[in-house]
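Order as written gives the chain letters A, B, C and D; numbering starts at 1 within each chain.
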Amino acid sequence: MATIEQWLEALLHFCEEIPQHKDQLNQLDSAIGDGDHGSNMTRGVQAVKDKLDTSSYSELTDLFKDIGMTLVSKVGGASGPLYGSAFISMAKTATESSDPTALMAAGLEGIKKRGRAEPGEKTMIDVWQPLVDKLHAGQLTQEAVSEAFQNTKEMKASKGRASYLGDRSIGHLDPGAQSSAYLFDCLMKAGVLNE
Amino acid sequence: MKKIINQPDQVVDQMLDGLSFAYDSIVMRLPQTTVIARKYQKNGKVGLVSGGGSGHEPSHAGFVGRGMLSAAVCGQVFTSPTPDQILEGIKAADEGAGVFLIIKNYTGDVLNFEMAKDLAELEDITVDFIVVDDDIAVEDSTFTTGRRGVAGTVFMHKILGSAAEAGASLEEIKRLANQVNEQLFSIGLALSPATNPEVGKPGFELGDKEIEFGIGIHGEPGYRREALQPSHELAEEFVTKLKKEAGWQAGDRLALLVNGMGATPLMEQFVFMNDVKQLLVDQEQLELSFIKVGDYMTAIDMAGLSLTLLKLTDERWLDHLNSAVDVIGW
Amino acid sequence: MKKIINQPDQVVDQMLDGLSFAYDSIVMRLPQTTVIARKYQKNGKVGLVSGGGSGHEPSHAGFVGRGMLSAAVCGQVFTSPTPDQILEGIKAADEGAGVFLIIKNYTGDVLNFEMAKDLAELEDITVDFIVVDDDIAVEDSTFTTGRRGVAGTVFMHKILGSAAEAGASLEEIKRLANQVNEQLFSIGLALSPATNPEVGKPGFELGDKEIEFGIGIHGEPGYRREALQPSHELAEEFVTKLKKEAGWQAGDRLALLVNGMGATPLMEQFVFMNDVKQLLVDQEQLELSFIKVGDYMTAIDMAGLSLTLLKLTDERWLDHLNSAVDVIGW
Amino acid sequence: MATIEQWLEALLHFCEEIPQHKDQLNQLDSAIGDGDHGSNMTRGVQAVKDKLDTSSYSELTDLFKDIGMTLVSKVGGASGPLYGSAFISMAKTATESSDPTALMAAGLEGIKKRGRAEPGEKTMIDVWQPLVDKLHAGQLTQEAVSEAFQNTKEMKASKGRASYLGDRSIGHLDPGAQSSAYLFDCLMKAGVLNE
């Protein structure tokens, strides 16, 4: 079972990864959205980093709650409430369980509920859902992460801004799926989630 | 990018300071927030809160004041504001009779306003809302995000603002909002894209002689790209599309908004208005009972315009449109 | 040239039809003319007529109505209207107490309005006038044409309109006009030139990162070309120039107009407003008693803005600026 | 002494020359004014042509008056009242004299009075004044016309829009001087004014 230090390491790493991929995320969002997903997420994770740098945590639930609230109040757009809801939902579950699979499953439920979306609609859920499924099966791999992300390319968007494009959304990767893939990468690198 | 700004990430903050200073008899900026609230004696009426990403000026802060909005919550450029900011707007708008949110149909706006509603209800403020979705350029379907909210939202502000001013209850406002939304239809085109100052380059590319039909108000591309046409042909495309969606019969009464997207001179808007008039009045025999022409819901520096129709199925809506207001941008 | 128009030589005609149709409760187009006159019961007050070339929308037709102008005479784009048209405007404005002409200082405008005055006097209408020359970008000298009339003219419309509405005599209006004109100072800059639809190409060229200080409202080039600077530096250039011309002391009261040139989003105008505020209020300790920000005197599709100061040497001017009007563009 | 037919021929020719040089006149005006002198004058002379085509004249004074009024009501800008005043002034003088030199001198006076301008200010007056002087001296030539026009190039404008440019107006030909040069050319070609 992952320690809180591992979670912290993973999440701080995520806070560094996103700004480094800001332009890439904006570009993905330009193709099928409004070009700001990188900027939105960067604004959010920078605030999260400030928060984590000035706080100390002994309980996962406090950590997740702070991250969730910070994301909700800093990111804006669609991704703010969605990532925020993921972490707030994880915070709730963390009062009962510290099992990473259960926590990530709770995050997924938070996103689905807030976004009223299902797998196959070309959103971040198309990374979260298959990877949570893999976690349950004990089969999470680096390849699974990039495969899930790449699968969004051929999907037709029916949620979020990309849905306005209808069929023209096909052939583009989903920006929220990319940022979620980075999250899973970080969690794996820090050993929170195991291959 | 050629803009009269300072640091791109300071644009919203400085714009709100400039606006609230210039019009300090009408509005104020709530300290430490991006909320523009009206200066007004609270007297137990329903409060109205709108907002969304910035870049649509004079929307939404320009419609805050007596007879329209109680507060506008301003996000970063083209980015929905966050729930904590919206909550501040709701608290400022609350006069004890509940607060009504006017949300444009974008996933981000809907999610953030919904979360704010939850937070407000924790503080015992009754909140209800309408999700405006007037943009017929986007195909509507219960399986997708549905139509976007665009310039028609300004009519929603005006009608609900007038009703609230007249003392309508939260339920009455909600019913009115639903009725108006059903009769509200908009469509837009662009001659040039918008440049978000934080992004630094245009949202899409258009050739020297190309226009794009069906664009959104955030630089979203539209449904068809074509060679530039004379104004009367553009008007015809719009009227045909609107007729298909809105449906009408000779004698029907409409309110009409010709809305500039930010960089389109009034000269062009009035020429276009004249072509629309010929189609709707001379040809379709409709009665245009209320008209506005100008920049109301812009996309920063996009050149282009949109046309909004509201079918006046209720006589009182006209009175609401005509009633006096004290705001910056109406 | 990318514009929403039909034939370029029909633009003014169709624009005036569109405008007068859209706002037919406020104004009407006099048949067979390019005059926009107000719909208003005549009651023996002084009539106010302004006008000039088209392309400055909402000037001047947008300021016709109760409390401002009686009529606006609209020339071809950037071309002074002719005396016969101005005469029609004067006749429409005449309520028996004389008609006052608000002319911007351009040779063409002055000559055509003067000829119209002569013609009107043949028809026994007493006419007087002011030649507004607020543009400090141009060096003033009795040996030249002198300063141009630019956005400050809108404050002239408002103050004289309010005075006329309150029943001032022709002589009183003339005196007031002279006093206001002496305290009126403007200066502008462009990020991009204007394109007159009849000419089909921009009036001058500017590089991707160049701006031009001191431009006129007809695409006239200005006094200096420079690399684009942050808004607060642009504001500094303007304030320095204005201080040199207008002179002021801490505690002086001003009316202020930040005026968009047609293609400049309100976002930029409010950011600029915020920088102007810091210089004039925080640094120069002036009192900004009245402020407007928006498109009032444009140059078709020019991107840029101008800053106008009116030194409020007479307390009553503020009341005139604040009084209610019923016009399209104020 | 020129006949009314010669005047008519000259003026109809002027009505054809101006539209042919519309772009050139606009270009000259773009350099130091607002680029519309060709359009303004074209609008005017087309109306004059319509008027002349549908009227017949036995008196010079009527001819000049109609032209003057038409120009005043169709051209707009600075040049409309100026050319209009020239012809209205000529109409007044024509009641007493049909001497072309006297008539052109009257035209010049009309312009000077209306425009409150003198020679040397880089306007159409800088064509009219030297050529009227030549007429008085019986020395009008084609070269004198183009010389007068060319002389405007090195002048610094102190009247009209070009004056806003100050020294930067130097080096450009004056558009109103060019259209006036066309007028003198037409009058010479038709034999109204003699070399």
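One rule holds for everything that comes next: contacts are C-beta pairs under 8 Å (C-beta built on N, C-alpha and C of every residue); 3 or more make two chains touch, one makes a residue touch a chain.
Every value quoted in this text rests on a predicted model; they were computed, and no experiment measured them.
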Most remote chain, CA-based centroid, reference being subunit B: D
Inter-centroid spacing, subunit D versus subunit A (mean Cα positions, whole Å): 76
Centre-of-Cα separation between subunit C and subunit A, whole angstrom: 54
Geometric centre distance via CA averages, subunit C-subunit B, whole Å: 29
Centroid spacing, where centroids are CA-atom means, of subunit A and subunit B in whole angstrom: 31
Touching two or more other chains - residue numbers and ranges from subunit B: none
Touching two or more other chains - residue numbers and ranges from subunit A: none
Overall pattern in which the protein chains touch one another (line/ring/star/complete/other): line
Touching chain combinations (by label order): A-B, B-C, C-D
In the complex with subunit C, residue positions of subunit D that touch it: 26, 30, 33-36, 39-40, 43, 72-82, 84, 114-115, 158-161, 163-166
Residues on subunit B engaged by subunit C in the complex (per definition of touch): 2-7, 11, 14-19, 21-23, 54-55, 57-58, 62, 77, 191-192, 197, 208-209, 211, 228, 230-232, 234, 258, 262-275, 277, 291-293, 295, 298, 300-301, 303, 305
Residue ranges of subunit B touching subunit A (in the complex, touch as defined): 53, 75-76, 78-85, 106-108, 111-112, 114-115, 138-139, 143-145, 148, 196, 198-199, 203, 216, 218-221
